[in-house]
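What follows is a pair of complexes built around chain A, which joins chain B in one and chain C in the other.
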Partner chain A sequence: MKKHRGIKMFYLIVMLIFLYAPILTLMVLSFNASKSRSRWGGFTLDWYISLVEDGGIISAFKTTLILAFLSALIATVLGTAACIGMQTMRRKFRRLILAITNIPMLNADIVTGVSLMLLFIAARMTMGFRTVLLAHITFNIPYVILSVMPRFRQLNRNTYEAALDLGASPLYAFFRITLPDLMPAILSGFLMSFTMSLDDFIITHFTKGAGFDTLSTKIYSEVKKGIKPEIYALSTLMFVAVLLLLWLVNYHPWTRRKNDNGRKKFRSVPGIAAVLVTIICATGLLSGCGSSAAADYNDPNSLFIYNAGEYIDPDLLDEFEDETGINVVYDEFETLEIMYPKVESGAARYDLICPSDYMIEKMRKNDLLKPINIDNIPNLKNIGESYWETARSFDPDNTYAVPYCWGTVGILYNKTMVDEPVDSWSILWDEKYKDQILMQDSVRDAMMVALKLLGYSANTTDEKELREATELLEKQKPLVQAYVVDQVRDKMIGNEAALGVIYSGEAIFTKRENPDLDYVVPKEGSNIWLDCWVMPKNATHVENAEKFLDFLSRPDIAYRNFDYITYSTPNTAARELIPDEDIKNSNIAFPDLTKMSGLETYSFLGEAEDRHLNSLWREVKAY
Partner chain B sequence: MPVKLIDLQHITKRYDDNTVLDDFSLYIRENEFVTLLGPSGCGKTTTLRIIGGFERPDSGTVLFQGKDITDLPPNKRELNTVFQKYALFPHMTIADNIAFGLRIHKKSNDYIKDKISYALKLVNLEGYENRMPDSLSGGQQQRIAIARAIVNEPKVLLLDEPLGALDLKLRQDMQYELIRLKNELGITFVYVTHDQEEALTMSDTIVVMNQGYIQQIGTPTDIYNEPQNAFVADFIVSGIMIRDKLVEILGARFDCVDTGFGENRPVDVVIRPEDIDLVKPEEGTIEGVVTDVIFKGVHYEMCVMSNGFEWIVHSTDCFPVDTHVGIHVDPFDIQIMHKPESEDEKAVAVDE
Partner chain C sequence: MRKLWQSMNKKSSLLSGPYLIWSIGFIIIPLFIVLFEAFTGENGQFTLQYVADITWFVNLKSLGLSLVFSLISTAVCLLLAYPLAMILAEFGKGRSSITVLVFILPMWMNSLLRTIAWQNLLERHGVINGFLSALHLPSLYIINKPPAIVLGMVYDFLPFMVLPIYNAISRIDRDVINAARDLGANGIKTLFSVIWPMSLPGVISGITMVFVPSLTTFVISDILGGGKILLIGNIIEQMFTQDSDWHAGSGLSIVLMIFIVISMIIEEKYDAAPSTGTKKERRKK
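On to the complex of A and B.
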């Protein structure tokens, strides 16, 4: 018996750990003074403070609440009305309709999201608050029907007839008798919709447009540079809020159902929850209605920017707005591959986008870009000639692209764990460092490492060379600890690996956090990447865009931006302003390109070749 | 002769392929207590709902005091309904429930207050004004439903198996209460039930229905004494008329009083449970074994198996299970009926 009890306890504990360990980790990290996910830097409340100060997150939070509230409210009204209609149908027909309304619920979100996006594009609607609201109402309605319909079936139909019998008009009977009876189901339908809307990422992602973010899309768009600790703080707060709501609903005395005879019953637990939700949302509405207003692309005094997550100092945007009076709508994409179809389809309109080299080439070749008139932007003289030259590899006449940030791909290594000098990609094949090596989970970067080691071009399409590189990567696989993206940074800071392939911009940041780390671009050569501002063909705020580029290229502004994002700036005048000599002359941030050989930008190889590379990469990972 | 208050003329009602009422005609006189009696699916509730206005007949006319009300919605009709499942408004107090119709008709507050206390007194539930419906027992709720209907002073009160959900004792009390109410208020009652006893107790007129037809109309005494077909009597057994005044049932010969059925003709024999006497095995006409006994409050209900047939017997004396008994029936208590050959024939026989 006793033994059995032990097993039961053990099982319970394992279950609880399984369920709550992730949330606990998150909560602990929200108080971690270090930005690293793997190192404890002491207790702090800084992230909570900066969370409250972070306009972007707070405004996304408000948008999320307002969206959830409005979509749940409208869906509840429509769904309830649908139930009334369905109730009067013949049985067979009602079943059919009920089945039809249930299907969207079972549909994969991605299907719903993409199809809504296509519909909105076909209807020539601009993506924004309106489209997301419509989408959320669409997927919420089935949940309302699901919640209200069974209650309708349970209703004593005679009460409605009794009201008619006593002289009530059908409308009066419905509002006075049927609706109060349905209320608990309607409220729980509302709450369910509200939660679904809060939860949703995928559908929002596909139907949102410029200047619009809910919490989930906001958080996701920041993944590119790693999740900010503020997000841990926010998630912790949300978890606690939900816990509190649950407690209120279930245990607090004044929400408990009273069982005394004869008195009115306090039965509306969902009612109380709904009231709370309404109050929270009302506060949100009152305190910042403007923030959720959909941006209007037709406003001539605006500028629509589409950039990668965490890729600019947000203070600079405010400053630009103050200086020029132009209203900036700033939006972030997760990956270039997601950005591209949105811009290509015209579903989202922007004036400036910041893609990388190969993507610029693809956009140029597909005629999606508008030339930028460099003569109108005097500060572009601060951009170093060598960067214009690099840009010519994908924009031959410097017609379309204005350099913004650049960097290299290299090896980040821990000096205490690697005793020999690191100068070649070949160290990543050294048996000594088995399970100490981190590779980038990205086909172009991984292939580049192997191709360079073999002495080939990173842009080769030669099948024999690609095959050799693939085999080399397969040979390396047993030594590799993990194929990851931004964990390279965290694992290296936490001394969890000895060697990792990383971007130079990340290297500066990691060295700051862990001085034992160093970065090198191997002698065989590597990728040099360059992100540039481009103007899509359908951009209309050309003058505002030129003003913005001029502003960004001002040496003081460019310097502050570099200090914030730590990616190398091509602005030579800005570099001169860096006070820290170590960084100004850092080999990581500003390597002397003339002394390095074999640096190549990635070029756009064409869709078919991309697919081929991807299949080779899958082969490596499945090896 | 009182005037026709409600006149149903040639009513037909179908649900999909199922004909519930077929060319159904019936009139109800003022101050009458009319009961529609029949098994479920016989069309009695549909008839009531057509009178109440909740269903529209596919063809036919409903006249109320000579005026055509076939297409009039329920809220415009001068009659009120008491539903089978009480149908009280669960989120309103008893007082608000009763006042519902009065408020719609814009009566003054004083008038409403008087009416509520009058109605509660009438149904013996004084002081229940501020209770909620679900704190009341089934019988109390049913009485509130009646109070809610009668405060509007309808010309007709329609009752759809109002006592169906109550237990026996309560049902009997309510039956007396309904008779009292009818006498006090002087309004017409149209009552629907499948319970013979209930119908016999309360009605002035009983309308026996089956499969959308009227099988028999008459006073309770008529219906009880001279049922015109097999449905009216629940308790039938097949027999053979040997000759006048002698019938063979389950192999045993019983004396009876009926004549004119011919010789050696198959017939239906009706014997009511209360008319069967259980005696010692050797004293009965036929033997049997008690298989089941239920105490019904006033009497015992016993099942007696005899030659493969199960007799239902009501008696104040109890015979325990497995007792061998004899069955004896007085000749006056045996009713012989022609055996109908099909359901249709049954109905046609009645229509003529």
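On to the complex of A and C.
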């Protein structure tokens, strides 16, 4: 068996490279000054600094630790008690309980997550820290039971009986003799629960609500937005923390005792536990000065906002908090289609949401909105009359919606990669640009592109026309590099693709970052959209919401917000403040609508039609 | 033992009460809600329609794709993990815990971060292509294509295959192997007629530990598939979070559970050795 040692070593090394190369890559990239992943732009610690400054990630990290600690602790208590109780049960009954215990471990996480989500909705519980905690306890208990149960078989009954003989009461004997014997198993159950809770994404994804993120869900939503080197920095820190922890456990003198294989593991467990508890306590103290981990909707001095990704200057939120003392809980959605069911089911509560035209119409028709009292918001006079008029197409009396941003949908292209003039959607079907095209991963926008190219209305419900559009999109699929939403921006800046379907608001920003890019609204026509703030029916912080809208409509604030997000503002007073004449009169940001034809706002097509569109879109996306 | 506990306190079985209520409330009832949603229509009537939705072309295609991807990634994991487990078991004597630890350490990294790492490696202008172009080699373009997803599954779940196989092999008595060699079996013969059969329980539990999560994932296909590849997990996720069509989503979940149950039954049949424990318990050891 000593033969082939070289080959075996070689195999081990190859596997090590396979396992560690991705992690090391992230670590190296975390020090890369350039956002690009293939070019080294010099050494920097900037990403670590901005990671620490990014309140969102830090508070998600705290939440994750608190959640893991609480859920592991409660699961340990419940699980250990259950194990003790089961000792006196009839065998049949005990086996039944153990069988039930196995279900969450063996079942797919997605089914567990979905089933708990349905339970919480059926029980009319608001999704948030509480529901996630319940879910985590549920999948943690089995780890405790499976760790503690076998230990009972190894208990030495003689010492216990000796204690009884010496006059100890059963309860006293239990706490002095049995429990210390069980302790290593209980602690390892606790630790297993703790790590499972830390790592969980899927179950949290289904049971979380507004203003609540664990590290996993935060990472997931950040990644969907584009390249974030802070995430690399975070990975590096996490990996180093794990290494440190393992080193402590295995080599540090006060955790290292007997090196007898089986026992050693148990002995080291209190060491890990001690380290963990210290971490928790430290973060608990730190979180005292930061924002609270679990947002409470019942706090009258708060404001819950639900907005699209990267759709406000975060400094303005801080400024608003400083100015008014109101605690803002700010949450982001990826697409309106994801936002809607959360609000409709009441699973997540907000005071202000920023949807687009057709979605506002849908929410209005489904009686989900509360009228906004414009008289209480003096600064709304800065919003141009033409935008109120556009808003009337989906909100006839301007009762519910306050215009926030508007724009068109078009093609962003890289002038160095595309040689012909771009003026038609048809270029997205050109074989020449195979794997160079980025499409919007949103039903209405994708369908609109195909429908407009075919010369139909973006609001058609004609089955034949929709079929044709679906088939056209299916034909396009082999040419498409990816269906993405916010990532179009970073990918186009990074020269990952030649053509991308994008909103006009991103054009100014991306052109600033990469001068080779240009934006065009194709001649066949496109979508013109208007995003507005609305108040859901069950909102309770009405006054705070009015204050916020007034704040946002102040010309200086609206201008700064425009400068940050670069989406066209309907605030005419703010537009006057733009110093750069090119942008103030830009054809992209403020196009002359009288010269463009075929621009349509989306209208709400009805629930059944929405589902039908979704299923057509899935048909396109299914490989 | 049981007698001892009875003597201690007859009422101690009440201690299981809270957990019993908990497991009924948070394990049993939720599953029944899924069942209920799957078999009832908009107006509460009984229907098989939603479970039958799996025969829709799109759903069937995604399920088929999930099955193919998870079978391939399970097979690749097995092929990579078995030799690795053997080498670890052989080299490991004495310093085994550290060597093994090195190979399962990546598991402690957040699983999303590990998948994202591959996205960075595989992008058109990603790290691998950066290296390849520096060496004037043709670029590798598998991101948003099936190989990237299979790669992601193999990478994410490989440790779940290595651990149980390693446990099973390192438990084999060296004397048995030596006896086989003494009786004239060569290395290959020993492997196939002694080591392999004895490690089978580990192999089977490794297979289920890789197969089930890869069959049901929606995260890996999401991050490495560029939205171009929908697995059955993606379809279910979208039914719940986008369509909020709980009936249809539950219907497909039930179908998915059938496959999970089948793989459980297979595992149960082979997994006779009690000490190999249960699925996820071994994950984090």
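In the analysis below, the second predicted complex is superposed on the first by the 457 of 623 C-alpha atoms of A that agree within 3 Å, B and C clash if a C-alpha of one lies under 4 Å from a C-alpha of the other, contacts with A are read in each partner's own complex, and residues count from 1 in each chain.
We adopt the following convention: contacts are C-beta pairs under 8 Å (C-beta built on N, C-alpha and C of every residue); 3 or more make two chains touch, one makes a residue touch a chain.
Remember, it's a predicted structure, so these values are computed and weren't measured experimentally.
Of the two partner chains placed by the overlay, only chain B lies in contact with A:181; chain C stays clear of it. Once the two complexes are laid over each other on the shared chain, residue contacts for A:446 go to neither chain B nor chain C. After overlaying the two complexes on the shared chain, residue contacts for A:517 are found with neither chain B nor chain C. Once the two complexes are overlaid on the shared chain, A:161 sits against chain B and chain C alike. Applying the stated contact rule after C-alpha superposition, one finds that A:409 touches neither chain B nor chain C. Contacts of A:469 after superposition: neither chain B nor chain C is touched. Of the two partners chain B and chain C, more residues of chain A are touched by C.
Where the contact sets of chain A with chain B and with chain C meet, they give residues 161, 170, 173, 261. If you check the complex, the residues on chain A that touch chain B are 156, 158-159, 161-170, 172-173, 177, 180-181, 261-265. On the side of chain C, the complex with chain A involves touching residues 1-2, 4-10, 12-20, 22-23, 26-31, 33-34, 37, 57-58, 61-62, 65, 80, 83-84, 87-88, 90-91, 97-98, 101-103, 105-106, 108-114, 116-121, 123-127, 129-130, 133, 141, 144, 146, 155, 158, 187, 212-213, 215-216, 218-219, 223, 226-230, 233, 235-238, 240-246, 249-250, 253, 256-257, 260, 264, 277-281, 284. Contacts from chain B toward chain A in the complex involve residues 52-54, 73-75, 80-81, 83-91, 100-101, 104-105, 130-132, 135, 145, 148-149, 152.
By the touch criterion stated above, chain A contacts chain C in their complex at residues 1, 8, 11-12, 15-16, 18-23, 25-26, 29, 36-39, 78-79, 81-82, 84-89, 97, 100-112, 114-119, 122, 134-135, 137-138, 141, 143, 145-147, 152-153, 155, 157, 160-161, 170-171, 173-174, 192, 195-196, 198-199, 201-202, 206, 215-216, 219-220, 223, 231, 234-235, 238-239, 242-243, 246, 250, 261, 335, 337-338, 340-341, 344-345, 435, 441, 477, 480-484, 494-497, 611, 614-615, 618-619, 621-623.
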